[in-house]
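A, B, C and D are the chain letters, set down in written order, and residue numbers restart from 1 in every chain.
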């Protein structure tokens, strides 16, 4: 079944006002272009779920799309601050932001519970932390087995997260949605399986034979995917292993841009609202720019899957 | 004294040394004999990479992003840098990295930083001020809560050593050490923070129930200076050592092999 | 660090009388040669943990190595019965066998809990089953979150399994233990991480560059591995994707062999006790035999990991 | 009547038909419109493969071994057959297959078999006799407990239809349907067994709280015959249909395309 569509179609079909939207990709393969299309389409009142809330989240906040954020790291990588996020949280400027704070593994376990349809997922974090005092999602369970020294043992648990839609970026997929990722694979499979609907944005759509030559490379099978969007360079300023490198300069620049609300809005106007789609954003950046992020070749050696003789 | 010590007693030039260089070298020595270290980019990577060349030849750096056994062609700029992946021995999903490797108990030393630390090694990386309406919203835990709960021990590197960062009472405890966890009946694997390396010296703590104690100062720093810059009534070891300055060889390796482009040695 | 050793060394170093030994590999890559070496070395009183207790388990039972079995399927694939296992369970002949019965996902969750150092792992199985009545490992926990309709929700949980040693078979590893598997990967990574020690038996030990050309293919990183044993064709009668096919005829023959204790003991004498090691077993089967299981080539297409320019 | 029915009314030769052929064809029809089926090797694979060619063109077979979207060059002999892997769309680890795909709720229909079944669709695959000292030790659950708990519905194919297999009381309940689960406060996702296809006919059950009811018999089989061969007081639908015999086209596809070597059509 052919699930390919344009980014515009995918966002308009699967992201609605008030939805819970998970955007995953840990530094690698961040679905920036999808975030920009959400901004263009003017979605409101979204709950955004993202482990590392970084530039794309700051941009969606600044565009007024987001009323609630669920995250375990709200910073601009190691390159500085998120200006809009800090204004929203520190001063409710221009409006408040509901923030659910977790740790990384807490978020991972929420996706694991969601993907496995479990009522909760246990983890060995949070004992003694102030986080449970500000996040009622963090609760404790007593193990039904004796602990060390036969004493009862308590662990924290987190609740499942089941986004209305999860959007991820990947290197390639076939038309039916079998998705292959290499390099950092993060928590993408779990985030997709946890969601009601899943949109996979890819650098390229490939023929079935490419995917089927290496089924172990398929991180997400077609049955879990609802839309496949071809969007080359859609992860910028993050990177796509083997396709283009990270735009470290833009990460560093973002602290300055986002610190000044006017500059931030001007950036959004120029690069999001005034570009029709990601293809225009890409061409606006120019060939010379993309050349600076180009990467060379380091091919994996093949393995033999074997064929019956 | 071993033959290596001949090298370490060569004249060094501390005045030419940056704070990053000093902290990296001191931290690297603390990794002697360790097998696995969970490190972020920056000082921890420098320390671990230097240790790999000196005191811990079998050291493996595990990155939060999922990379094990990296062999980068260039110094990585982030824990997810593409150069860490190409040529690595393994790249794991985050559930495997956090669940099997970290929570599974495979990490000897975790490196952490913080905005605030208290005498038990509890850390704040969430907010300055009230959590509900903070003066400054900081990035939050990332994986720090898990690194603390599951590493055998934790090293903290803090450039700034002042009473606001070394505080009697954290504004918010993001990342608790084992003492706080045990108080509510949750048992972490590790011993929490065992070393805090700062621009003034080294605080150490051997395990659960102990508070951080000043065990060493950098040359030219006095015990009173450290006390004044610590926000709690600082315990001091019976004998406070003077930190051996970075040797010429340590500095050479750091500058020529680990970070020749001075990405982090600023 | 070079962790390579012979099978003899690995078994004698890491498998001791009374140990809990996990042998995993779901139909694919069954560590048969390791089981045979355990038999040769005369280990006793083992607890064997294996999801699909099949021919190799029946052989270890018949050799008197095993006093306790933890499993979710005790049958000879779809090819028939395990004679020794049935005698032990049905008639305590020649001696009783303690049997802990789970379902497949129950076993998987025990490995997941073991690998993650969790006191328990929740799953949506076992409600209404008679299994909890005969297996005290199966217990219930009440979720601290309200269920559907706000009623309290109960789920079963299983306890972790932490074998003294896990032994798996894989296609290839480097000398330090970075292990690559393709085709069915089963529960091997979890079984290894759950264990105190891990032995990886491989079809071939490869150069570092082979592994490092494709780090996503590494299912088990070196830090989790204690011994690497080169043992080509060590998974027979099961198969190694891309190396040799399954010996279906032997599966079918096993029902007959194992039904008769004398025939079974004669088989063990001829093929295990009287062979010095797996290399002798392999050569005793003969080249013509191995030709019948040979497979052709179906190579994976390469992916580009990229190189900084 | 659609144009396809012209084909299905062609003369068939039931006397030349094996029991496997009849059961495969009948089961295949029940898969009309389904998207995902969790199937073992043998009759379920034959039924699913035939359905893919007839009533359910978008059907994906998910195998317990972790294979999704297989395109085998030969008919597989086991659920882990190497020919299922080469050319497949995805191969998943068992935690992903059982956790995300099956327990995650992605399976429309699960196929199961059993040594014993009761009127609620509860299954025994563990023992004949007492569990502690069984007359016959059977293989046990495999993934059956999970298939029952998590598939939207379950089809059971039983060659043998006799009072020992269709029993008032199971010797042991390995794999409970939702009614038994709900009794102890555990809520499964699916509705349990909805179809039991046997050599005599079809029993059906629409959901929780209902028992299996005879809805169809094969040509030449009487309702009384089914009653006599069922170990409980069998409920019978108001109208018992006669199962339409396999059409020439169904048999042709099964024999020529699905299992030309008659691996399972014995």
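Just so we're on the same page, contacts are C-beta pairs under 8 Å (C-beta built on N, C-alpha and C of every residue); 3 or more make two chains touch, one makes a residue touch a chain.
None of these values were measured; they are calculated from a predicted model.
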item: Of B-C and C-D, pair with higher C-beta contact tally; value: C-D
item: Centroid comparison with chain B (C-alpha atoms), farthest chain; value: D
item: Centre distance in Å when chain B and chain D are each reduced to the mean of their C-alpha atoms; value: 58
item: For chain C paired with chain D, centre-to-centre distance based on mean C-alpha positions, whole Å; value: 29
item: Intercentroid distance (Cα basis), chain C paired with chain A, Å; value: 36
item: Between chain B and chain C, centroid-to-centroid distance (C-alpha), Å; value: 39
item: For chain A, residues contacting two or more additional chains; value: 112, 117-118, 123-124, 140, 147, 153, 155, 182-183, 185, 189-190, 213, 216, 241, 245, 295, 298, 305-308
item: Chain B, residues touching no fewer than two other chains; value: 67, 82, 85-87, 91, 99, 103, 150, 189
item: Chains grouped in pairs wherever the two touch, ordered by label; value: A-B, A-C, A-D, B-C, C-D
item: Complex contacts: residues of chain D adjacent to chain A; value: 35-36, 58, 60, 62, 67-69, 71, 73-74, 82-83, 85-92, 96, 99-101, 103-106, 150, 189
item: Residues of chain C defined as touching chain B within the complex; value: 1, 112, 115-118, 174, 176, 178, 189-190, 193, 208, 211-213, 215-216, 218, 220-224, 305-308
item: Sites on chain A touched by chain C in the complex; value: 117-124, 139-141, 143-145, 147, 153, 155, 157, 159, 171, 180, 182-183, 185, 210, 213-214, 216-217, 241-243, 245, 294-309
item: In the complex, chain D residues that touch chain C; value: 40-42, 64-67, 77-82, 85-87, 91, 93-95, 98-99, 102-103, 122, 126, 131-146, 149-150, 172-189
item: Chain B partner contacts - residues on chain A that touch it in the complex; value: 26-28, 52, 71-75, 77-78, 85-86, 89-90, 101-106, 108, 112, 123-131, 134, 140, 147-148, 153-156, 182-187, 189-190, 239, 241, 245-246, 248, 295, 298
